[in-house]
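Below you'll find a set of structures to go through.
Okay, so subunit A shows up in both of these, paired with subunit B first and subunit C after.
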Partner chain A sequence: MSTPHSPLGRALDLITRVRGVRGAMVVSRADGLVVAEQLMEGIKGGALAALASSLAGRLQRAMVSAGLGPSQFWHLQCDQGALLVVPAGEGLLLVAVTEADVNVGLVRLELLRAAETGA
Partner chain B sequence: MSDDVKALSAELAGDPQSLVFLRLGELLRQKRQFDAASRVAIHGLERHPHLADAHDLLARILADAHDYERAFDEWDMTLRIAPQHIGALKGLAFLYFKIGDLTQAEAHLQAAKDAAPDDPTIEQAFAVIRGEAGATLASPPSPAPHPTSPSLAPELEAPPARTRPSGAVTPLPDERIFAGLEGAQEGLLLLDLAGLVLGGALKTPDGRDVTDTVAAYLAGVSQEAGRAARLLDLGAWRGLSAEGQGGHVYLAQPTSESLLLLMRDRSLPLGRLGLLAQRAAQVARQWLERQR
Partner chain C sequence: MTVVRAVETWTLEPLTQYVTEAGARLVLLMTPAGQVLAQSGFSRAVDVMAASALGAAIVASTNELARQMGQPPFAGLTHQGRRHGIFLSAFDTDRGTLVVLVVYELDASSLGLVQLFLEQLVADLRAASPKAGVPKHVLAADFERELNDSLNSLFGR
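For the complex of A and B:
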């Protein structure tokens, strides 16, 4: 989807380099389509992008209605792993899928850093 | 700045993950530098949100600064992490004593005594309480059985049930969902999967009631979270947290047919928000079971 030397590729590289990250992707917020991805085999990128975008949209509307402003990071904790999402510029979302024992704080930082650099 | 504060500060700067913040915070508390002590404790809690001694430290600082509401919350949290924490049991006894609830004060002291039978300060505190028992409660007592050193207690029976000792907060009737939970009237929401409100309420920071709007937006979140977890082979989802510019939210699933939302401002670390939400979910689960 993206070359390793493109800005998107570099951003995903940094995220997937964290131990316990199974994959990362850039998703279009508006239509839930994959923009770029680096996923381990078996992860269905297209379906994940659609779900992540839809969930992010619901949370965004709920948080703005609650007066908390737009969501800057969200974290779905599951028994065997997690899904982490950060909004990036130009209507994009950065998504990471992780194992259960990942350093969530580190992945969050990499996601935020990548979002800041305009992934 | 004294040498010992300087030394501990330097040690902490060299290793921010270190637990030396406990000693530094305690030292600053003893020097009555409550703002600095509080900052140290809060930074420590951001790195170690599940450390009972860190919550106990912050509670002692807050109690010394006469912020009893928040001190209660911190000691309450300490006991949720370490149910036999002597410092927290003595601290809560102190707060109950301050408001004249001698029964609760004695119950907490008894739990502390059971955990640390050789602690002489507990007997002294008992003496103070028993001395007050016959007197009028109109004037709150000033000498207090205040905890002096944080410590983890050995395993024991759970402490007595607690209710917030505050004259400022109107107690909720027991049958209400979330009764006794902090912020039940403005930052907690229980809804069904269709987005209909079952209990709690949400208000914006400027006081607008947004309960129904937020509930409607959250309809379907539970199913989508479950679908994402299944798609990724991640097992069941346990919680969904989100950081906003003006605060955090945490979603939990008390039952397969309900969703709970806890909302707080950014001063509450996300890890602690998760703990509070799981506690609220447990209360909600019990309430939902009683409705069947």
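For the complex of A and C:
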């Protein structure tokens, strides 16, 4: 969806280079649409984007209600993999889909780096 | 829980599921002519009539725009306001072409969710829709009675 030479493409490229990452996407937080993606076959990008943004909105409200401020990173662990998400700027989310045995710390680092560069 | 009311009962289950999953505030299912098959979230008949007329007019306008551009009809039309979004889409079923108008609150849902679950709604409506019969000739004398009957069904009267 994004070209490898665009800033978004480069950011996603760095995330998906980490071993165990099955795909990464930039998602519009407000409308839940895919802005850019690099996903392995079989991952439904549109569905993932819509549900991730919906979850992000609800988590945001929960965090603020709990007096914890906005979330900076979330990690949803499942049987066969994980979903790692970092808010990027005001209106975007960086989402990584990983295998279960991925190095979460490394993916988190790449997500935060990408978010800092304004992806 | 928002109640779905339908003139044609085969639309009830798919639409009820859609409203719940997509978090839609208002939904209107109608023909491209503006004849309403089902609604959810509307409390006044006049609002249903206005929304169906405007929705049908928008679909007609965009279809003509697409035709002028030499393109197939648009799959969907979206408008995002400050607090609400509106999504309009037309699709074919055995009942004929249907139009769905969805209004969602940006706090509770998103365009992504509305579009995501629309795919399921369309599949469910296609599976449930009756085969198209011979088009009924509507007499002017019957029109008002049929309209009143439909509105009564849509508001559970």
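Definition applied: the second predicted complex is superposed on the first by the 118 of 119 C-alpha atoms of A that agree within 3 Å, B and C clash if a C-alpha of one lies under 4 Å from a C-alpha of the other, contacts with A are read in each partner's own complex, and residues count from 1 in each chain.
Assume a contact is a pair of C-beta atoms (placed from the backbone, for glycine too) under 8 Å apart; a residue touches a chain by one contact, two chains touch by 3 or more.
What you are looking at is a predicted structure, and each value in this text was computed from that prediction instead of being measured.
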Superposition on subunit A - do subunit B and subunit C clash or fit: fit
Subunit B versus subunit C as contact partner of A:Val97, first or second or both or neither: first
Which of subunit B and subunit C A:Ala47 touches, first, second, both or neither: both
Which superposed partner A:Leu76 touches (first subunit B, second subunit C, both, neither): first
After the two structures are overlaid on chain A, angle v-u-w for subunit B, subunit A, subunit C in degrees (C-alpha centres, nearest 10): 120
Partner chain in contact with A:Met63 - subunit B first, subunit C second, else both or neither: first
Touched partner set for A:Ala30, first subunit B, second subunit C, both or neither: second
Shortest span in Å between Cα atoms of subunit B and of subunit C, once chain A is used as the common reference: 10
Shared subunit A contacts, counted only where both subunit B and subunit C touch the same residue: 47, 51, 54
Touch list for subunit A against partner subunit C, complex: 27-28, 30-33, 46-47, 49-51, 53-54, 57
Touch list for subunit A against partner subunit B, complex: 42-44, 47-48, 51-52, 54-55, 58-59, 61-63, 65-83, 97
Residues on subunit B engaged by subunit A in the complex (per definition of touch): 202, 204-206, 208, 210, 213-214, 217-218, 220-221, 224-225, 227-229, 231-249, 261, 263, 270, 274
Contact footprint of subunit A on subunit C as seen in their complex: 23, 80, 85, 106-107, 109-113, 115-116
